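Report on one structure; see the data block that follows.
Read from first to last, the chains carry the letters A, B, C, D, E, F, G and H; within each, the first residue is number 1.
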Amino acid sequence: MAIKAYVLVVADPGKTKGVLEVVRRIEGVTESHEVMGPYDIVAEIHVENLTDIPAILGDKIRRIAGIQSTTSRVTLPD
Amino acid sequence: MAIKAYVLVVADPGKTKGVLEVVRRIEGVTESHEVMGPYDIVAEIHVENLTDIPAILGDKIRRIAGIQSTTSRVTLPD
Amino acid sequence: MAIKAYVLVVADPGKTKGVLEVVRRIEGVTESHEVMGPYDIVAEIHVENLTDIPAILGDKIRRIAGIQSTTSRVTLPD
Amino acid sequence: MAIKAYVLVVADPGKTKGVLEVVRRIEGVTESHEVMGPYDIVAEIHVENLTDIPAILGDKIRRIAGIQSTTSRVTLPD
Amino acid sequence: MAIKAYVLVVADPGKTKGVLEVVRRIEGVTESHEVMGPYDIVAEIHVENLTDIPAILGDKIRRIAGIQSTTSRVTLPD
Amino acid sequence: MAIKAYVLVVADPGKTKGVLEVVRRIEGVTESHEVMGPYDIVAEIHVENLTDIPAILGDKIRRIAGIQSTTSRVTLPD
Amino acid sequence: MAIKAYVLVVADPGKTKGVLEVVRRIEGVTESHEVMGPYDIVAEIHVENLTDIPAILGDKIRRIAGIQSTTSRVTLPD
Amino acid sequence: MAIKAYVLVVADPGKTKGVLEVVRRIEGVTESHEVMGPYDIVAEIHVENLTDIPAILGDKIRRIAGIQSTTSRVTLPD
């Protein structure tokens, strides 16, 4: 049973569009949009297990140049 | 062209599950999950126009008993 | 020379429209709008002196039923 | 392999000590302390799986009278 | 019918006055003031449609050197 | 050597003045002022030891009716 | 009649002590302490008029290297 | 009687793992974990006295390259 998580990204003001394009190409990211702050991008990710999140979040998303910080909200099973 | 918005809900600690059930039955809410604070519920809504949001947010979601506050993030067109 | 201040209001979710109507009738409030959280209402006030703010903010706006909290941003002279 | 989570609790100002005592008796809560805001209590919980958290957080901790809100930080596996 | 939005800007501490001057010259920005944090500048923008905001916010305001982050509050129609 | 701490208080919007008067009469509180949010009152307290703070903060200040929440900042020795 | 204001400073983690020393030498700053985040330094300033604040805050404090951001709370007259 | 404190660290998105390793080697840090924002690392420290905290926090933790900011929560004696 898959886990869904929302990743809220604060990007450098001048690089938001470029960050958004890179985020969208990451495997596991199913949808991503620009929103109007305090977070600048919302990305939705779907993984099989909680232990899959560090690989996507830490090794992929958080290494993109132009990202200032990220906050993640893992959904709870109903 | 539809607009997507994320509604982040802070619910009374003892009423989160009940609020979630009511939120899920509101027309325009396409998906809703419990997450682990500072927001307790994330709801995704899809509307045709920005002017459709007050009816869903103000007249439906924000009137549910057990909701303390809401914050919304409207996505920007690419 | 007048001072402008922005008052950001968090209102009870079900009472925002009613609070907005009362805020708009307060002398010194020149404009007021509903926005989509974390603050629910932005009011603009114009006063002659900083010492006029407590009367409007403390005695008028903050006494309206349905207001949870307020934050004010006084503009600095250029 | 157990998962550790930190639960940050905002309590009613006059009921913090009582809430702390109840939190400490909940199974899965291994340690709990009063701290000096914006969160008032930090509780550490240890569970076997992520799916054990809703039972402790939603059914036990968040139902305690005197709790205003909670935020949880689940630790990631190294 | 025009839409009004408030853009709250955090600027580099030593560059606030310079950022303010550039913000004021952007078309669509009708008023802008320095305030005393956590946001440093409040700008008011007026646009015809929600879809006009990305051009002003993303292409103009957020590209100014010395801006750390921005948050926007779009007003809702009454 | 005395420790100084700043207590930032969020008060019920209609009760700030009354809370301020009660805070000022508490022993250990050397100064207290109304400010313009997100905190509504700043109180300065002076104590001999860190262990004196719970008595003032938990037993005195936080029990005042009309206080929603408090945050404290203990100063560090130079 | 003098106005008191609290300036809350976020400093670069490795430069807090140096920033504190510079802040303490600024005229109008009557007291300044290191605290334990989210703000790192609290400075108290006393001025004769609100219009004296931009000179101290904008031209002196906010130009110190190692300051990330500042927030100010002006006290209201009783 | 020892004092426990929680240090919440925001790290540069691409350097969290490296910062975590350095934090874990600091004397007085008994446990440290990566969590999913807005703080990225939680470190638990145990000291004998409040006056031991500046040496660990200011001279050790806050000087690590890749740390953006820290917030500390000192636990109160029961």
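Keep in mind that, in the parts below, a residue touches a chain if its C-beta (ideal position, glycine included) is under 8 Å from a C-beta of that chain, and two chains touch if they have at least 3 such contacts.
Quick caveat: nothing in here was measured; it's all calculated off a predicted structure.
Taken together, chain E and chain G share the touching chains C. Chains that count as touching both chain B and chain F, per the definition above, are C, D. Of the chain pairs listed in B-E, D-H or G-H, the one whose interface repeats that of E-G (more than half of its contact pairs identical by residue number) is G-H. Centre to centre, using the average C-alpha position, chain D and chain G are separated by 35 Å.
Note: centroid distance chain D to chain E, computed from Cα atoms, is 39 Å.
Distance between chain centres (mean CA atoms), chain F to chain H: 26 Å. Distance between chain centres (mean CA atoms), chain D to chain F: 25 Å. Shown for chain G are the residues that touch two or more other chains, namely 34, 36, 53-54, 58, 68, 73-74, 76. Going by the touch rule set out above, the chain pairs that meet are A-B, A-D, A-E, A-H, B-C, B-D, B-E, C-E, C-F, C-G, D-F, D-H, E-G, F-G, F-H, G-H.
Chain B meets chain D in the complex at residues 10, 13-14, 16-17, 34, 36-38, 40, 68. Contacts from chain G toward chain F in the complex involve residues 4, 6, 33-36, 39, 42, 73-76, 78. Note for the complex: chain E touches chain A at residues 8, 53-54, 57-58, 61-64, 67-74. Within the complex, the chain A residues that touch chain D are 3, 50-51, 53-54, 58, 74, 76-77.
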